[in-house]
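Below is one structure. I have some questions about it.
A, B, C, D, E and F label the chains in the order they appear, each numbered from 1.
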């Protein structure tokens, strides 16, 4: 009988707390969104699954000796996983459209306004009883507005590890929701006529320029903002391997099996931070609200900057492409293309939006470096 | 002359003990079986090679600073390697035949009888002087009857690390010997007529069912047997990635380079436990004997359960398929097919045997969870 | 204003030392050589990039918490990375040409003379004030003459970690410079007539011989020189997987994604040792000078040994192939072929030079084992 | 010779092992029976329709790699077009 | 109720956040403006020539894999030749 | 100036280095001579039979490197041929 009782005590039903049950529900919800709704499935499948595993009572996934404990310690505590993802993304990114039209960098910069306004907003939320965000917390939350998963995870692991789960989930969720969040804002801030603007074909870019670009970015970053070099540097390494053309073996592995492997582990480790104690709190609600605001402001800032640039540019600029400056590659660029075609079915903005889109990745990595330098 | 003498002292001939020599012989034997006899070569090549390396005097492979020491510490001590293998196996497994005929799960359950009888037998062996197996040791030994390598390694690393080498070698060796061990037992327990029984074609399975299956297994496991969720959970993650169809990049890496890399390291680490002091003992003989018994009882239980089910089933059941319930995927299912065709050349049992075969993987992972909960 | 000042203090311009600036320049120089001059790009791209990252002030890449710190600790301190590379190289190596003509091993042995003469030379350099190489330092430097990157990195990580950066850079640089360093020496030591010698077609090699070869090498090494078994053993494992033909999944991963991933990390970790304090010293100049001497002596010894063998051989031997004995696979063999064709356009020496070439890899791994046994 | 205390110890262990055997085997079978029930439910909830569309899968993954490839393709096309035009 | 000291603390934090916002946003834009300048320079230094040769890349990497493959290919050729000769 | 004690130290080191050189080089050569003997043995034990079935392995190993190299080689050959033909 002893064993029978012991056996009952070792069931999940007997040992589960309400909080764990709720978080397992959140995990399954993320899996549903990833699989049925195709919300950023590459990340949300492992994150959702990790959330389920982390909240199983008695299984010890997140305690020393447990799988998720080791993965988190090896890859997130150290910051290694997001940096390797960044290297992979660098190897997958074609900077051609941005090099052809460097002004697009300003759109990728303007859209980072979402980050800094949100930082202010997070501190302001402290007037609500129960919320008590430090400057470090606020910075980590604000980076959601960068619309870039690895950047958000890297900064959160450095500044606010306890909030990492909520921040990563918010970042990837809103990235998946870009087709829903952005179009109303884009339409509100532009006229039908502006949305119909066709842009001039991009100039061809020489192989040498593409090769020099990551080196120039690296050089500028190390001279001006060394705290951004982990993210920006690894991104540049991936891109340099790609454009150098002399290490194709390495580039192929970086673009495929290396980034895939790390993505699975990164997702599981992020999911492991979705424990009841850290996630089921008012802070999470605050983070979700602030994240939505950050995306909205980033989108608006990008569009407004594009309108401003259109005023002073001698070649036509469709202000919609400013929305792609938030990053969320390549979703935001696709949304720009779609909204553009709704105004003018002959208007192909995809390539023009890729410039601000990859500029947004650089912009938020630079913003993360500034936050690390000033707050970290 | 000092250097010459030093040089002589640093040769393997001068420094080698008889035990090391014997274990290097065991390592070469495993390599021979793997390469010439094609006994589970994916595991036995690295295990055999690891055994050779681990027993080289003065090379320090298994001491701090040595390669095998680090691989073992990183992957087996932590339990990470067998769990990653399980994820990969999940991504490679098609549960279709099992979902089409869920009763087959009972065959995968019955065949686990081999595990529990062997547990009893291991304790009974303690009457022999020189053998002194604890309940934890006995449980780790018994899991050999699960006929699943990663499950055996995971449980042994948790319950009896000193016996891990012998247990893993026994598990993989008997899995390779399935075509020799099983047929006589299968023929003994069935009539020619029974072996000739043709089974009805399996019903088609919807994509949704395949997608829901790993989620249902995960849910049931976390509710009832959380201690089995490391193994079962990672298996379900691999299978969910496969069946979700939204993360093919990740699935492909999981099925190929990730599982291949981990297989090499897992094998080397297991081989590193084949040191003279741990392997050359009466306990190893006991483990080998018990392992053979476990396989035989598991096979017999599966066949007998299939005969019982055939009595009560309205669709015909060929009792041979019960033998596939031990797991040893896909060897046991192939053996079933072959023995079936010897009785009736028109009889294709392979797909019908795949159901109990993958059920056996689940069954032994569940059994491992129970042993961890009650003994661990 | 505080923040502004803080911001300025956090720029790289404000914080950079002259040494760091110089080393960043060295990093960019290595990138230039790798990309524009195709000097061993697979290694020099990550090494050069790692050198740049390691010398960025305030970025902390090589301090606890930094990416390069973790990569170095995980892969070089432990010796794991060079050993995995060796496994991959083993899986990529075809020993057929060597097995067909075993005498070629002597050329791979003679070329190691460069190592041992350089060891003596490094100690002799101690008469120069400011240089103070221990026997361990001298041994690590001398291995540059082995013309094999992973061997040099492995030995340096064991005997002289502080010199690792300079040693690895020297090794890979001279390997890339083989087409410039070797031909003059080869022409100096041979007559036009000797260079025109055509060699007999190699005998066919059975599959079994190829399979037995790595096992024989392993056995001989563990009996005679166990301290060489980490390098030689992993090389043999890779080659055994390749030739066994029963683990093609594993071989393919070893030859591709595993070696590629490790190459990136190995390069970055080596680059992280190119810090101003360790690299900008007279010792580095000494190392570079000694490395060049080692290559030259190794080449000369190989050619002279080939001339000696030609005297006593009944089948004709072109002494040029001795130069391939330094290893530097496959560059040295190609150089032999090219110099041979300059003397006689109908002379195809590539296959004949592959024998000494792979023998050189074994030879330097054996030499490294001897140095580890006697000095380590 | 086996001492008395050892006999006691072994028989205690054997009793535990017997209990483990019973409970373990029953638990495995119980678990699998519940899983069978769950699978019957799944079959009812997600029936098979012969004409169900094949997995759309791959095309649905909006990966950066794909956009990169598309970008490159568009570029090349673009260049090709440019060149052709310059022939006129 | 929010205490006085907390109001002070929050307003101090708000001031810091405002400063961060200003400095941060300016730094991002400044950085990107400098990058634009750098890119204009790059364009001048490395202009695009319509007929520039396509990347030679892959074929130029002298990897061990390739030599191994070539070795194998030569061997096979060699065997084929040997066999053909033996037919005569 | 180099002190006396240092001269002694360096000459001791040089003696050790000389010894290392001798022993090391002899050991390498000895090892390789033994390996040559082992290989002669292998050749006797596992002779090559002209009609032995071609490696099921190698030819069956569709390594990416090999296929890539062969593809490249074929391509180059093909281009060369095409060019030559275009001269006619």
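We adopt the following convention: contacts are C-beta pairs under 8 Å (C-beta built on N, C-alpha and C of every residue); 3 or more make two chains touch, one makes a residue touch a chain.
None of these values were measured; they are calculated from a predicted model.
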Number of steps on the shortest touching-chain route linking chain A and chain F: 2
Turn needed to bring chain B onto chain C - CA fit, degrees, nearest 5: 120
Chain B against chain A, contact positions shared by both copies (same if over half, else different): different
Between chain C and chain A, distance of the C-alpha-averaged centres to the nearest whole Å: 41
Averaged-CA centre spacing for the pair chain D and chain A, given as whole angstrom: 27
Distance between the centres, which are taken as Cα means, of chain F and chain E, whole angstrom: 34
Junction residues of chain A, two or more chains touched: 3, 7, 38, 41-42, 204, 224-225, 246-247, 249, 256-257, 370, 374
For chain F, residues that touch 2 or more chains besides their own: 20, 23, 27, 50, 58, 63, 65
Residues of chain D that touch chain A when the two form their complex: 19-20, 23, 27, 60-65, 67-68, 70-72, 74-75, 78-79, 82
Chain B to chain C touching residues, read off their complex: 3, 6-7, 10-13, 15-16, 24, 28, 31, 34-35, 38, 41-42, 45-46, 49, 52-53, 56-59, 61, 65-67, 70-71, 256-257, 260-261, 263-264
Touch list for chain D against partner chain B, complex: 2, 10, 13-14, 16-18, 20-21, 23-25, 27-29, 31-36, 38-40, 42-43, 45-50, 52, 55-58, 60-61, 63, 65
Touch list for chain C against partner chain B, complex: 78-80, 83, 211, 215, 218, 222-227, 229-230, 233-234, 237, 240-241, 244, 246-247, 249-250, 252-254, 256-258, 370, 373-374
Of all residues in chain C, those that touch chain F in their complex: 92, 99, 102-103, 105-106, 108-110, 112-113, 115-117, 119-120, 122-124, 126-127, 129, 135, 138-139, 203-209, 212-213, 216-217, 220-221, 224-225, 243-245, 248, 251-252, 255-256, 359, 362-363, 366-367, 370-371, 374-375
